[in-house]
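Note that the chains are named A, B, C, D, E and F in the order they appear, and that numbering of residues resets to 1 at the start of each chain.
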């Protein structure tokens, strides 16, 4: 049994508030236990310079934590004058992950920016950001589809992410901060609704891990992500109906 | 009658959620209509270098908007690599305003940092940040007083802030974004519970204003701030009891 | 009587040297007592991107202090690599104030940049910068009017600024550095030749102030600004004749 | 058969020049085909602030490319004024990987900084940097061991890294730039001499991948890393003898 | 005859205003024709970290131009967020030149910072800054000598600087901006009162120059610097008496 | 005799490796004793904004040292976030020097960027960078001439650079780091194949120097540069044949 009473294969309490922001094309406040992330999707009818004139769209992401999202206050990156390596790594990951389930050609020459602002952090902020960003993105594309006649629906599949780790010899799903800081291995996995891997990032800085441990963690992740995608589907309802479906 | 149906002297709907953040010493989510600001107070048992060894404390503030707090998305200042002039002006104002009702000697050698993060903006974000920061500060000092025996309670009075302006010849209280962008004069006022002025900032860039208009705006502000302080008092309850009171 | 022998309602010695700079379209070295500011106006036949193609002009300002303008040397902002909050606040104020008396439509698609470089500081550098900038601007527009046939003269009124404060219970006009650092309230006021307010910024960080004190300071400021505008008129002579006058 | 004539399981030509730098405590010029990286290890008898007084050492890494290491010239990050996300991600990875095989307690209060400067890039610069850095680190610790009597030898195992990918349905080892840009999946793996995983980073941005593909890539990586570690052992000779061995 | 009526070997009009700044330990407004530089010397009873505890002092310089010192306005380096290469080159030159005639041991553990702010530029701003900085430095050390009993007077000689160039086959002394921009060679020379060279910097970017031209320019510079040092001596009067003299 | 056994007029061992980089249009690894610099020339079919549409080309240079090029490790300028004054000074010098022997009109609207990356430093890195950059530039222009029919060959002459100094009363050629740090005068000279001076930069910070010492150093430099240019000619072979020659 884990410190918060969960089983090894159990997700934390999942909650979403849809459209908490009155301006964004898509937005969601997602909670995985005490980790709370505000995700907004902004549609812009332009693409970055490197894509101009190619008829393709772009998906990008930015990630930030409020200074007091954590136990001790962190200095703002706007005051430091630059993004830290961790922030850059995470926002590159989020953007890459989401692009894997968007048909950029079908989207057309527009950019959707996902902003993930962590209001409170208790482990798993990057995976929660991905899971929440997917919902914000789906809402934005659904809204867009009401004015733009897409020949093909640009969202090709569902997408969610979860962390897994090994702690005292046990593989655990969805680590909270306390578990994460004690785990010997920490792995973040991103998968599609079809069950394919988009990202697998495992780190054994404290202690290298074996092939068997890797397999066990991957299985746990697959199971957890399956459940998250079911939850996304419920939350999106009508707005999720056309994901991955070709238009007749 | 105003576009949102309010009377000239009417405040927008005021709502506070106390302690939405599980780590901060004091926190509040404050809403004035569609303007929503997360304010957290962080207590640090250190003071900035210029105050070291003087037995005095310090109050400082930081202000930021989420990128999609507004109708069109704003670039993050962390990505620009520097704070804009507007941000600096606002956070200097918040810090200065709050220091006016704190006895820094009584606080002792500690710093309280107020973080004001605007989740959604519809005019009046700086005044709402001051009004909310006061609550977060009061909660933090109340909590601190349970472990630190203050010879004198460091919070000497209540404090709130509101905007006023002149639009089509009428003085209006608590402008929303639409009104603010059309107003010929825009004034932000900060006052104490005792009814004294802490800041008066009026700007007539579009059109200079007369002494009579100034007086009318100040009266409106006094009235509105009086109401806000009553609402703060209700919200704080027990935590606000010792404000301004000498300990026997 | 004040430390420098002045009466409460007395301005410091005012002096201006017109066109000290052989390149600028308008320039003035202004002195208020020991505060000395070099103000230059540069005319540029372009407007910032946000105004392009609208047929309107722009007025903007920059403010800086030489490192040894003050009693102890300050680090240059060029070496820090960024502007401080105080600098940004001041240059935003100067630009806003000057725009209030310029008809940007009449000016046409050109930008006038006011540079205010403080050679020596003894209190009131921001108000002196505004008063001096107005003169530099008037000279530049006068010079411009010799080559450009303005349908309407772009300068609609005079403009000056002064500080007032409360020290030991007395309202004082035009505070020097020593007075400014001891004053319980510090207020900067900007007014037009027609006697309207453009900016009113009062701060009672050390001690909040009453409505009566505010009124007394505003009266003092009105009187002082009236005298400054008379001095500007004298200094400008012929170059000030068309200010606020419609062309037949 | 691959474009450069290699088999799917074949490494590119591996070459190392030991101690090409006369100042560094350890240095190596490592070549994997046309990818050439200069790795130097600098020993500093200090630790970063967060480790002071704990009797532990630190390993950190920096990564950079010469502007013309690539087909088209890249702007220097020193001129941009900041490190890009890719650079940060890579240098965080290198440092983390190397720390996994160093006993920081045994190292004592000193920092070893690995500088990886890519002279020419043809794919796999991050994995080559890790493999080369290990050699530079081993040389530096060997040299250090001649003056410092380590109770335990601080290097606990060998470490190398390689990339694997899936291209046109085939899993390939050690991708060059051309292969890397066409691959549907790209994975970087870091392993120890004992055959444990330290990092597994697989990305399927272009196209998600299956569990079977993941397994095949991991096997290829294991095999390739085994060969690289044998090459490191040969190259280090005497200097590699005490790695992972307890001192009697 | 030159465009401004001077002979080839003639200096521009030289003028100095001593102590124009009421705070600085030493200050001078120096004019060479239309080039005007404000030089202040600030004494600080500290040395930079690399000199701590060695009983030696330090001399450093900073150089800047007001935005409208030139015919077209230049962007401030504080707004660009960094110093340009030209500024750095010039301030390094000024500091180096002045250190050559200061006995840092005799000065003791203090730093003197020379600030050279160009109010108006018409060629020769770096050489004028050196000539003026020497005067500000001499005034500051003279003032310091009234409270500090120097075993040896820290100023070991006079120092001045001038530019020379070759224009249409003629070597010219003290180039103004127009001449400077047409000259095929441009050389800046710094010399001591004793007639020794401190800096010789000749550049023939437009057209390389011969040994004979170099000799002719050096002679002109020697002559011009001799005259400048006589002018410095006159200006300093009593304050220059102990320069280069050992105390009995 | 010098510490490394050389005579006063003797150059260090000179070695060049041509085209060590497979991507650059021209590249050379140049060694002067233990100083090793990688120079690459990149041809870009564009010019900077200030030259657009004038039919002229541009030559520019960047200079950097690997962190461990020196005895103690230097912090990267990319991490500091800005270029130091020394770097800027050097890269401005390299660019200026090379432009003196390029006919920018003949080059046409293209930019050649010289990157000088110091792999190992033992004195004379800036002079070695100039001598090496010339070779890289000559290779790039030679290559360019195979596709572009130049009406006039853009390289008008050879160019090389060397340092000279005075140490214990003796003028020495080509100082290594140890000599450089002890020399009382340090001079860098750049000359053309025709024997004209392009740059003469002598600094006597530690001790001013006489006219006679200056003459002696210039003679030494002339002699050394003559030998370097012969070595460049040998190295370039066919690629150097058209330098300075008009096409029939």
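By our rule, contacts are C-beta pairs under 8 Å (C-beta built on N, C-alpha and C of every residue); 3 or more make two chains touch, one makes a residue touch a chain.
From a predicted model like this one, the values you see are computed outputs, not experimental measurements.
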Farthest chain (mean CA position) relative to chain C: D
Distance from the mean Cα position of chain D to that of chain A, given in whole angstrom: 29
Centroid spacing, where centroids are CA-atom means, of chain D and chain E in whole angstrom: 52
Inter-chain centre distance, chain B versus chain F - centres from mean C-alpha coordinates, in Å: 60
Chain A: positions in contact with at least two other chains: 81-83
Ordered ring members, chain C first, chain E second: C, E, F, D, A, B
Interfacial residue positions of chain E with respect to chain C in the complex: 21-24, 27, 34, 38, 40, 42, 44, 62, 64, 66-71, 73, 76-83, 87, 113, 115, 117, 119-120
Chain B to chain C touching residues, read off their complex: 82-86, 88-89, 91-92, 96-97, 99-100, 187, 191-192, 194, 196-211, 214, 218
